[in-house]
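In what comes next, subunit A is part of two complexes: it sits with subunit B in the first one and with subunit C in the second one.
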Partner chain A sequence: MKREIGELVTNAAERRVPTLVNGRRQVPFRGVGGYEPRGSKHGPPIRSCRDYPADGDKRVAGLREALERAGLADGMTLSTHHHLRNGDRVALYALETAADMGVRDLMWFPSASFPCHEPVIGLMQRGAVHHIEGSMNGPLGRYCSSGRMRGLGVLRSHGGRWQAIQDGEVHVDVAVIAAPAADPFGNATGAFGPSACGSLGFALADSIYADRVIVVTDNIVPFPCLPWQIQGNNVDYVVEVESIGDPAKIVSGTTQITRSPDRLRIAELVARFIRDAGIMRDGFSFQAGAGGIALAFVPILARMMREAGVVAGFVRGGSTKYLVEMLEQGLTRAILDGQTFDLEGVRSIRENPRHVPTSPFTSYNWHGKGNFASMVDAVVLGATEVDLHFNANVVTHSDGVLLHGIGGWQNCLAARCTILALPSFRDRIPVIVDEVTTLCGPGELIDVVVTERGIAINPRRQDLLERVRGSDLPIRSLEEIKHEVERLLGGPPDRPELSDEPVAVVKWVDGTVLDTVWRVPGA
Partner chain B sequence: MKREIGELVTNAAERRVPTLVNGRRQVPFRGVGGYEPRGSKHGPPIRSCRDYPADGDKRVAGLREALERAGLADGMTLSTHHHLRNGDRVALYALETAADMGVRDLMWFPSASFPCHEPVIGLMQRGAVHHIEGSMNGPLGRYCSSGRMRGLGVLRSHGGRWQAIQDGEVHVDVAVIAAPAADPFGNATGAFGPSACGSLGFALADSIYADRVIVVTDNIVPFPCLPWQIQGNNVDYVVEVESIGDPAKIVSGTTQITRSPDRLRIAELVARFIRDAGIMRDGFSFQAGAGGIALAFVPILARMMREAGVVAGFVRGGSTKYLVEMLEQGLTRAILDGQTFDLEGVRSIRENPRHVPTSPFTSYNWHGKGNFASMVDAVVLGATEVDLHFNANVVTHSDGVLLHGIGGWQNCLAARCTILALPSFRDRIPVIVDEVTTLCGPGELIDVVVTERGIAINPRRQDLLERVRGSDLPIRSLEEIKHEVERLLGGPPDRPELSDEPVAVVKWVDGTVLDTVWRVPGA
Partner chain C sequence: MRADEGTAPMEFSHEQPALRTAEAGRAGDGVRADLRVRFEPRDGGPPEIVLERSKVAPFYGRSIREQAREVLDRLGVRSGRLTIEDEGALPLTIAARIECVVRRAGHPVPSPVLPGPVPARPPAPRDRLRRSRLYLPGHEPKLLVNAGLHGADGLILDLEDSVPPDAKDAARLLVRNALVALDFGAAERMVRINQLPAGLGDLDEIVPVDPDLVLIPKVESPDQVREVEARIEAIRRRTDRERPVWLMPILESALGIERAYEIASAADSVVALTVGLEDYTADLGVTKTREGGETLWARQRVVNAARAAGVEPIDSVWGDVADVEGLEAWARASRSLGFVGMGCVHPRQIPIVHQAFAPTREEIDRALRIVAAWEDARARGVAVVALGSKMIDPPVVERAFALVDRARRMGLVDDAARDAGSGR
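So, the complex of A and B:
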């Protein structure tokens, strides 16, 4: 498939990137902090109360009517959100309704997609959806890698998605927001209801900047829906449906800590590093996701904090019961929560005023007046690959196939200490490589790589090396760990067979193009 | 003083208004709902985290440094807010600092001004302040009326102020926000601290849309300041000062109900009208301010609700202890609070998640996708004058002198039943007149006038007349009450001696010009 990509140029990270993406001129990556934005934030159309019901009741008969009234038309951008994760029913419902209406060539702009969205492949084949800009996890990523999607995929971090909307790079024509509870005016929350999912922060940018905003709920409540995270004053239509999602797949009943001894060892090393490097001190902060290692790390660090009598100033979620326990036991003064992963997280966000739902605006938007990410003392992240320059990849595997989104990963690299917690190999494929298949995070922002075989500290962080000197932590070089793994597995991984045809780009947090995802023949 | 006013034209309310105000072309009032806005909301400049401290600490040495860094220069617009009411020390501090810096010709854009701001007259005389757009209560209003202010005053409602900022009619260069508590990142709340004032909603528009935002606090707290109503992500600089205000003048210790028998009778009649007209039913809503009659009305209505077993869906503040009692006694499901008037209100907003700080965006902005004001079943307001067409005035007295701001008054006229609760005369001057001195609210939006001499229902509201037919309420015509008062006082009030020189304009909620305030010779 031929896509207009302008030309391929080499950016500041020595990566070849297209200058034209889906009809829009691009700025190649200029280095961390190298790009100075100009201009003004996007101003959505001015509306008037005279065109909205005075009684505040914005309910319409169904999603089709809402999309029609919103003026959904060929070639428009329709956005949805991933709070309901793999249990989401709303995104597909919206896209299929649009297809039934005969609308063609939509750009789907999800905050992330999940395996449950695999049927969008059919909508792309039928022409209803032109392409996707947003994380493509699993089947959609593979479809994109195969080169069959008409436009280019654009992979953005959560903060990058806010930035793109705010800066007017992506104009959202119609936003469809799935809400576990909403009132007829459109005030909405994820804190309660049969499909409660916690924070709705990923939909906030769309609610503010989209031309038209539709709230879809299976749980209408009388005005005012409290607390509201989405404000009805930004909402055009409210649609009631039977069910917005499958609760069993929205949040875990309980999140499970890994039982893998190697991964538990990594979690233990991460916690010890944070303690022994002096990061774990009164008032400090950390962020850890909901991956197996990150989950296991939290209770270990909590134990160390308890032993040392240390209380965190705040912790950043993805929240789980392990963070909630810390809050309830007084080990942290607050949870600033971007995404709620389990039922305990949902309960806490509903009950505890110090468990605060946040958004990519507060936490991640690079084109703001600061954000929370850079105030975090230590963040624990994963990666699919890391190279000897500490560059890391989170979107493709070593076979080059796109399988994951960026999430908040890039944004979190702004933390004072960025720790990648990784097994040194997966499925007998080494994770430490000579050069990452896709560059998602520049090595200068990655401070520490913790594997089950030892801890590698970025030589740029002499201060950290200094601080753990003399500790009993297994500090090693990345090269040393890499060689050990290659000896064990019989050599470095095969380089993937990639075409020279871009299928997606990876944006940096400032909207510049950091790298290209290439078509994988046979994907 | 000669001001460029273009020409005087007659608008849809038959009022003569200038076509040019402070250099900006104006749209004359076109009737209620007659103006259709076009264009896009204002987009403030895109910023980048690279230009803000990574540790989130935005504190600078003092307000002067903050204003200098913000680039404050001649002719710019500087905004402040009136949460601290007559106890505010920050607005004057900001303007005097600007004057000390040698800055000239500022437009001061307060959300309201109070007698404590009288020294701004000196700053206008010295040239540091060019003119004021915003409510001018007391001495500043008289100064404006005298014709000595260089520019035209522009009087906007709280919702109109949001609309003007949002629509780009007023470009705020630098916003200075007084915060009873703030963290070094700029997250701020009015819920606690030595100068706690409750909601900070009036500063929200400025925080979002101004080029530069400075938070001034006397109570710095560790990040994260919870709950935040002003978001640090919109803030450029944080300044610590000894004191932002005089707590004794910020909120009342306790708000006092009127002891005037006439006013108590009016309050009783208002409550009886709301009950007997069937407005007081389960799930209904009302709004009442902090004036003596409105205050007295609340506990009377609360008693009637208790007797009838009725619970309100929500009530809108200005909150006082009387609304707080209703919330705590289960007589309302929520308080949606725009402004907090006493210490009990402040306590409640801090402690009770169903006492919600709101903003003019949620409540009043006419250029939004609906707002709360039109969802209110009954609102109880005051006025300085009302005429036989139910037109009302809130900014001037019958002598033509500007003495009050509009506040949320115009916005509240969107309620389903708008009730003016007024003594029929004040200081022996009749309140019901042939024609209001200044038109602030078109009579078609005012449904009921309640005086101590009886209740007049707007003939447009036959439904209300129908509903109270047969009740023992003293329903009379406005003419009848007017004649009775004039007989008592010896005739209608003297018409004021006004010049033909505009000194200020009254904006309608949609940004059009509703009326003109004329210079008063000798004021």
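So, the complex of A and C:
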């Protein structure tokens, strides 16, 4: 499929990137901290309260009426959030309603997509959706990689999404915000209701900057909805529906720690590194997600903190019951929570004033006057590949197929110590490679790689190397681990052929283009 | 890939035998690091290799086809169709599964095709630490690959109870290849063979690739131990193997327990004696409890018999992986009975077991003081050892030296103390 990409130029990371993406001129990556746009932030249209019901009741009969009143038209941008995760019903409902209205060529701008959004492929084939700018997981990623999407995919971090809205790079025409509880005025929260999901922070930018904002809820409550995270003063319409999502797929009932011996070993090594490198000290902070290793790492570190009598200043969620246990046992003074992964997390965020919902603005935003990401002492992240220069990939697998979103991953690289926790190979595919298939994180920001076969510390971090000298941690070089794994796997893998046709780009946190995702023949 | 020169001789005819269609290995949902191979005889050659599906085809598809062709060639297969469904299997597994399907098809195998070897570690000393031994089902490749990373003193590549009956032959080949190709670190490489007489067949495959120790299950008579030792010796002589292969009989019946001492002292290569409590309690007709009162006498009997025979007493396993407190309590009690180690069914049990079987700080300090007092007495030419105003009997000194030595091997004694304890 022919897409306008301007020309392909080589950026500061030595990656070839297009200069034109979906009709917008791009700035190629200029290096970490190398680009700082000037001027004023984008603002939404001026509205006046006299145009809204004086009694505060903004309910309309249904989503179709709301979309019609919002003026949804061909070629517009419709945004949704992903707090309902794989249980979300609202994004599809909105896009299918738009399709039924005869609207075509929408740009869907989700904060992330999940396998439940696979039917969007049909909407793209019918012409209702033109392309997606947002993470594309599973089937959507494969569809994009196959080259069948009409526009270019644009992959941004959570912070980068906020930055793109503020820079006016993405203009959200209509934001549709699924809310587990809302009042008729549009104040909304994720903290309670049958589809409770905890925080609604990913929808906050959309609520502030979109031309029109529609709140969709299956749990209307009398004004005021307390506590609100989405402020009704930004909301145009409120829609009641039977159900916004499948609770079983929104959060886990209980979060189970992996039983995989290798993952448990990696988690143990991460915790020991944080302890032995002296990062674990009174008042420190860390962030870990809900992936298998990150989840397993939390209770191990908690045990070490208990043994050492150390209390964290704050921890950053994705929260789970394990972070909640730390809070309730006094091992951390606060949880700053971007998204909530299980019912214990939802309960805690509802009941405990020290468990605070946050947004990409507070946590990650490039255009904020500071953000939390750089204040975190240690962050534990995953990746699909890491190369010998510590560059890492998080969106494609080694076959080049787009299968994951960036999430907050890029933003988290600003932490004082960034730790990638990964198995050294998956199935028979090595994770440590000569060159990453897609560059998502520059190696200068990645400090430590922990695998089941040992811990590699970036030579740039001589301070960390010095601090663990003499410890019994298995400190090794990436080259050494790579060599050992390749011997086990029967030699280095063949490198799959990728086409020369861009299907998506990866943005850096400042809005510049870091890398290109290429069409994969046969995807 | 190397043709192995040290294999049991087998009848091999150059005439084309009557072959049949056969399968080996596993593929499909939930299967990782394995493959399913299907061999169909054909009248004419050359062999056809069909890689029907592979998770890693873009990376190793070419390598899988080449390896399959090479293995068939070395096994003397001149025709037939080999279909492969791959779930990311490593070369050692691919070789084992292809050899298995060729054997199942009825094709004679003159000599196995072994994967590239890792450098050999020094042989395990007779009295090495055996606090933990981790059981690994011998038919499950995904659990074998990284088993050496978890710090167990020993790894048991199991051919017996954890392997389904229809996977016994496949497990034997996979375990053999794993012993050749995988670096298990400092762990003692153990194999639990099947109950005799099937277990003797296991030895034919295993012994030529140098396991450190063989566990003999369900032993009830010293003759069984001697039979295993004789078979191992015969294979070692035939294959010019020089490394010792130690034995650890497992007592799993009332009769076995009654004959514990005879069994423990049946052969020079026996280095430890252990007990299997699931089968033992079944034999008694009692339920195995969390506290283990019903097996107390048997376990004490094992400790006593082992010590009388000069070998190490080693306890059974704790089967409930989630019950960490239960494991800790069992292991502590086990040490207090005189056992020096126990089995593990999951790597997360290993550090708990090591902790429980380690001497306490107080025990180490007291032992170091006794050792120092002994050395002081020796330096002064005094025969009687005293700690403060208290006389120390020779057996207490002996025990202190043994404890310091064990603590040193566990890394629990610092250099100064090590030096202090080394002058005897």
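Everything below uses one rule, namely that the second predicted complex is superposed on the first by the 523 of 523 C-alpha atoms of A that agree within 3 Å, B and C clash if a C-alpha of one lies under 4 Å from a C-alpha of the other, contacts with A are read in each partner's own complex, and residues count from 1 in each chain.
Throughout what follows, a contact is a pair of C-beta atoms (placed from the backbone, for glycine too) under 8 Å apart; a residue touches a chain by one contact, two chains touch by 3 or more.
Just so we're clear, the structure is a prediction, and the values are computed from it rather than from any experiment.
Asks: Who does A:222 touch here: subunit B (first), subunit C (second), both, or neither?
Replies: First partner only.
Asks: Contacts for A:418 in the overlay, against subunit B (first) and subunit C (second): which applies, first, second, both or neither?
Replies: Neither subunit B nor subunit C is touched by A:418.
Asks: Using the superposition on chain A described above, determine whether A:516 touches subunit B (first), subunit C (second), both, or neither.
Replies: neither
Asks: Regarding the shared-chain residue A:384, is it in contact with subunit B (first), subunit C (second), both, or neither?
Replies: A:384: touches no partner chain.
Asks: Applying the touch criterion given at the start, work out whether A:113 contacts subunit B, subunit C, both or neither, answering first, second, both or neither.
Replies: neither
Asks: Report for A:496: first if it touches subunit B alone, second if subunit C alone, otherwise both or neither.
Replies: second
Asks: By residue count, is subunit A touched more by subunit B or by subunit C?
Replies: Of subunit B and subunit C, more residues of subunit A lie in contact with B.
Asks: With both complexes superposed on chain A, which partner does A:336 reach: first (subunit B), second (subunit C), both or neither?
Replies: first
Asks: Which subunit A residues are contacted by subunit C in one complex and by subunit B in the other?
Replies: Common to the two interfaces on subunit A: nothing.
Asks: Which residues of subunit B touch subunit A once you look at their complex with the stated criterion?
Replies: Its residues touching subunit A are 33, 35-50, 52-56, 58, 166-168, 185-186, 213, 222-224, 226-227, 231-236, 283, 313-314, 333-334, 336, 353-354, 356, 361-362, 365-372, 374-375, 414, 416, 510.
Asks: Which residues of subunit A touch subunit C in the complex?
Replies: Interface residues on subunit A, with respect to subunit C: 259, 261-262, 264-265, 398-399, 426-429, 452-453, 488-491, 493-494, 496.
Asks: Which residues of subunit C touch subunit A in the complex?
Replies: 32-33, 55-56, 58-63, 67, 87-91, 143, 145-146, 149-150, 182, 321, 346-348
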